[in-house]
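Once you scroll down, you'll see the structures, which are given as structure tokens.
Here chain A shows up in two complexes: once beside chain B, once beside chain C.
Presenting the complex of A and B:
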């Protein structure tokens, strides 16, 4: 009678394990038992046996407890002998777990060191801030045979060449964050004033989601990220696209009007590389004057990404997003490189964001509450733009790809 | 009536007197009796348990559906911060203190703790600290940095409300309570044991409480320092964790977890002690491997100091530190495993009586085993970088804390209720209480292992629909199951409260020795007289009370253990030798006064330093009153019964 619930649970757990092994269900995209790269796989190879051993030990303990409960319940037997134990048994039961743990210990230590290797040529600087990630591809870095010709600064999606070891150098501009793409590797904290490294490698082209996992304040839940793995040719295409010169909108179009609206309303924080004002002077963003972290996402190629604002809100319609997420590896790259096309553009999200960002994502932008930061916001404030201005800005941003 | 000969004056300045009320609210507010203080600890901790439980239910409601809007992001952050803080500092620790206060002196055969007034001070500091901490809800919002309060997110720059100030100062006050209490209980155990009670004859509960007090004694100063650094940073512009000024935020993490990991054992060991009393009683045989259990408890206490950085495997400590702490963490699994084995072997060959207390104790073995084994999976550092800060960890430590510590405390409630209140809790309601909680714990926390491994991080006000997945492991289903489970736990707790009311209303008294118990606290009346024991018992063995009741008798089938004396007979024999003169500490006005000064100082630090001066004046008044009051009240000594069952409580002075 007494053991039933734990038995039931065990049956459920066994069924769960069976399903997991069969792999018949389409699990959540951040399934840690579904590695897609060498680092995550070496972790998975380590954790699975530990789970199995723990499961077996658990079942043995429950079986013994269950048996003892059934066997020794009070059926009117005599008061048992008042024995205080059995030292030989005790010592055996101390040594046995020690041996099991020693067996787990050896591969653990060796993996700790092997996951910490830093030997590679593809270096990407990753910087966390409330509540988004910035990626800075070091100039001259060689990623899967592609040399980065000049620094690329982007956000939301970390684009990497597939089947290539990438080394992330991670830090933070404000509080502690943690970078995590579960199917590619474990977590690494982004700590201000410190530089930590994390290896990433994806076997195949595809999209791998992740989230910030160190509590980082108000919108911690809305600080997400993804790694995009592309094959070498596609990665080369992406790099070329990211580094090509700025093309101003054609005069007279809505986008051209949008460019001046963007310069007036957005460019004090958001950089668009190559953007020039009416006098031909480069427009340089100065987010350090307005934002506490001192940074705002670079929008040069916004529409090559599929989500924005800490990878929280889709730039793609749900349908197009699902198509991309489920694309087979050999089709994924081409689909991704199309960027946000007109028919896939999720305008509602971007429009609402430009209209009133803090209503979509809680941030510290209300001037009344900015005393402790000397008036600097944490996140994007509501700018009080007219619908016409929003139209213009969207028209301009649609060409940023 | 005679006064005891005392080197200190019994009258001081003629102004201060010791309070003497034996009934009414004064008998509680000014009491120094460890039993009354224990009961007050229990009542207040239970209140905070309900507060923390409501916070947990709100969290689970918020997470029951994707992108849910029960709580705002800000309120959610306050909620999980205060849920953890309340459950750890205002429920589990003080509830363990309630048991320790009440039963430790009884188990070692003492008439009170070593420093009765300090004991009262501890309680009032805890109460005022807890209330102070929770007033933040009404004064601009509670702390929102998580109970780990990582720097620099905890600085004024990033958390401008006063919530974290309340948190820091409230924990400081509660910390003083625990520190004072730890010294008090250590001295009590080391100096006030009954004659014949060697350390290795002490009940395991007393042993575990002793280990916990040493952990507190060394761990609390670390968090005290960390809290001081943080409060000076927030309130007076210091820069201990300010990266711009060259500080390293990891300093806070090390300080916090050097306290925080021993804290885990501070939380769990008292319950290990409780079930180590309950299991032998209801198995009718001694704890299997008493020495192994005691030494493994002490070993956990030692090794517990060397594992703190396993909370920081993703922090970027470098591979050498990670490897060392990974191995140390596996090491601590060994003594923990020893305990599980010993409890199981205590059942083996016994004559098991499945009372509610016993069911909770067996529940602890089962649930703690699950929590312990999932803990081993985190010790594997590379695997932990996947698991840390996900719901997998939340599932793990709730199995340990709810399945281990809280279920253990409930075992204690059912086991010792007749001792404290003289009435048995209703067993039928108790079984409902147990099964609802047992199912509830499994339904709430087992799915969290799945959620975490499916990539749902902790401390997230929302989880998005697009990351839900399909099929058996989808986040939606398991989040809903967890929420249903949390309400089952709540209904289990509700059954307990109903049980308390039902029991309080019934007239039937509990028998003197309802469980055929084994240890000294049962060798006195229920509830115990104010002086605990008419005569201090002389101890000959572990399980002294049992061996006074049972003796081996030769029968035709060989030697058998037979009950040769009833509990009443054992007690009558003790009463016959009653001490001629019993000295009990007198109540005092000053612990509550002294304690009241601290929250006033704390409000002052937040709002206006002038208020702190007022608080300091109250504190000083308390100290002076404490020092200058007479050592005993007039006529307060207890006179032993002269005849039949005449018992005389404190008499009043003129």
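Presenting the complex of A and C:
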């Protein structure tokens, strides 16, 4: 006869089923059990046997507890004779876990020291702030045989040479964040005033996503990141592109008008390297005067990236993004280096962001609530631009690649 | 129909109601509200108490009940002597003293008076709760123990922690280490003895713990009265140009400043003044390569560690740029003795291009020995 399960049992069964099905996801780009580099693989090689050992121990413990519950269930029988102390059993139950922990400890400590090695020539400063990451490549650094001729400052996407160990020097400008690209290595906290190092290495060209893993305020969930691995030739191309001299828009074009609008509206926070005003003086951003963290993304080559605002909003259309994400390693670099082309440009996202950024991503930008920060915002405020000004700025930014 | 007690309370309730109506009618609207509310509250409270007295017949025992002269709670002998009146008196005295001396005395006295009032009330009620004295003491325990135990435990723990902290703050640093070790060893030893000798008398354990707690409290009070030791501050950095651009040690910031740095200081670069008076930088992450420039992110605090291997004392100075009409920003270490080290924290908010003067690390007195700071 079928007995209808209780409500509590149905909920428990549904939760268990949900957990089980969650493990079946095919599209899981942030899967720690799918390492794509030597550092992540060495962690995986350690955590799998530990997981198996812990799993066996867990099953044994649950089985024994379950047996005890079933066997000695209160059926109205007398309380059995009580005993105190069993030295042999106590010693065994102390020594056995100690042996297991010692066996786990040796490779773990060895791995920790191995991952902490700092003998790299490719050094990238990674600086977190609410709610995006900045990457600056030290001048003279050598990455996979490519020398960085000038400092490169970028954001959203950390571009690295494939098959090369790079050293990240991670810090923060405001609150504690945590940098994590699960398929390439473990997490590392970004702490203001401290410098933490983390090595990354990707076996093949491709895109590896991540997420800030330390709650850092209102838009923590929208502080994403990606590592882009390119083969050496493609990385050289990317470096060359990033360090090219500034090219001003052609006079009389919408982009040229946009340059003036950008200088008037955007350049007080956003740097575009090489940008000059009408008098030929360099236009230098001063985000330290307007933003609490003292920094805003460098937009010199914005359209070489595939997303913006903490790698939250796509600059590519869905179709182009999916094509890039699913590209085989040998085609990935060429596709990525195309940047955002006219046919792949997701204009709606960028337009809406320029129109009213806080509406897309919650940030502390309301002028009425900036007393505690001395009038500085924690993100991009709504600038109240006209549609014509937005058109001009977009036309200008489209050439930033 | 109405008992004597209920008549009293119901009369008071009626009087309060009449007073509320009169008050509301004879004073202006907004002003009358608090008074009217107070009188109406009194009306309700007196009415409630009158109702209880009426329902319980003033708590009088029915004379018709057999043996009531022996079994009623009123027939029981008075309870044992209580300390709570004395505690309440001390509390009230404390209130008076606190009112004219220190606020903390007044606050403590308020707590004492409240505690005495609660304890006294519950004790007085429980002693007449029934004719069974065992039941009476049990009901008192059931009500007060859940309050007394956590509060007394917290107070006891607080006294021990506070006393111990006073002792540690009074002792100098070396004696503090010895005292900490000795007390920890004594606690460990006592714990070991009590654990290994299971037949030790409970009174012995209680006595030892009490003596130790009282001794700690006494020493804590004595230490608090004497005050804490002088804790000197020794700055290791300065930001005055007169000091930071001065060669040698004439402008020493503090001769007692620390000249050794923790290995976990999280530096972006180690700057060495070599024995040949040449300055080089070794960048964190690139071992073995001497750099003449370092890259630092803008608007982020970074730290460099300065090692002086020259044969004279020198300081490291960071010239952090001149922006607009503001004065040049300068930071420096204290004069570091030969073979010693010091760290220097700094933050540059703008790029090199925005500064009218170079952004560099330099050693005053050694011309040309500079490390460029690139702020992209």
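Everything below uses one rule, namely that the second predicted complex is superposed on the first by the 353 of 401 C-alpha atoms of A that agree within 3 Å, B and C clash if a C-alpha of one lies under 4 Å from a C-alpha of the other, contacts with A are read in each partner's own complex, and residues count from 1 in each chain.
Basically, a contact is a pair of C-beta atoms (placed from the backbone, for glycine too) under 8 Å apart; a residue touches a chain by one contact, two chains touch by 3 or more.
The model shown is predicted, which means the values in this text are computed figures rather than measured ones.
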| request: In the overlay, answer first, second, both or neither for which of chain B and chain C A:369 touches. | output: first
| request: Once the structures are superposed on A, label A:295 by its partner contacts, choosing first (chain B), second (chain C), both or neither. | output: second
| task | Based on the superposed arrangement, let me know which partner A:33 touches: chain B (first), chain C (second), both, or neither? | result | first
| Can A:192 be said to touch chain B (first), chain C (second), both, or neither? | both
| said: Contacts for A:136 in the overlay, against chain B (first) and chain C (second): which applies, first, second, both or neither? | reply: second
| Thinking of the overlay built on chain A, is A:72 touched by chain B (first), by chain C (second), by both, or by neither? | first
| said: A:109 in the overlay: touching chain B, chain C, both, or neither? Say first, second, both or neither. | reply: first
| More residues of chain A in touch with chain C or with chain B? | B
| field | Overlap of chain C and chain B interfaces on chain A (superposed complexes) | value | 192-194, 196
| Contacting residues of chain C [partner chain A, same complex] | 266-268, 283-287, 289, 291, 293, 295-303, 345, 349-351, 353-354, 374, 376
| request: Could you pull out which chain A residues touch chain C in their complex? | output: 118-121, 123, 125, 127, 134, 136, 138-141, 151-153, 167, 169, 171-173, 192-197, 271, 282, 284, 286-288, 293-295
| Along chain A, where are the residues that touch chain B in the complex? | 2, 5-6, 9, 13, 16, 19-20, 24-33, 40, 42-43, 46-47, 50-51, 54-55, 57-58, 61-62, 64-65, 68-69, 72-74, 77-87, 89-90, 93-94, 97-98, 101, 104-105, 108-109, 111-113, 115-116, 170, 174-176, 178, 180, 182, 185-189, 191-194, 196, 209, 211-222, 224, 292, 312, 314, 321, 362, 369, 371-373, 378
| field | In the complex, chain B residues that touch chain A | value | 72-74, 77, 144-146, 148, 150, 152-153, 156-160, 243, 246-250, 283-292, 314-316, 318-319, 322-323, 326-327, 330-331, 333-334, 337-338, 340-342, 344-345, 347-354, 359, 362, 365-366, 369-370, 373-374, 376-377, 379-390, 435, 438-439, 442, 446, 450, 452-464, 466-475, 542-543, 546, 550, 560-563
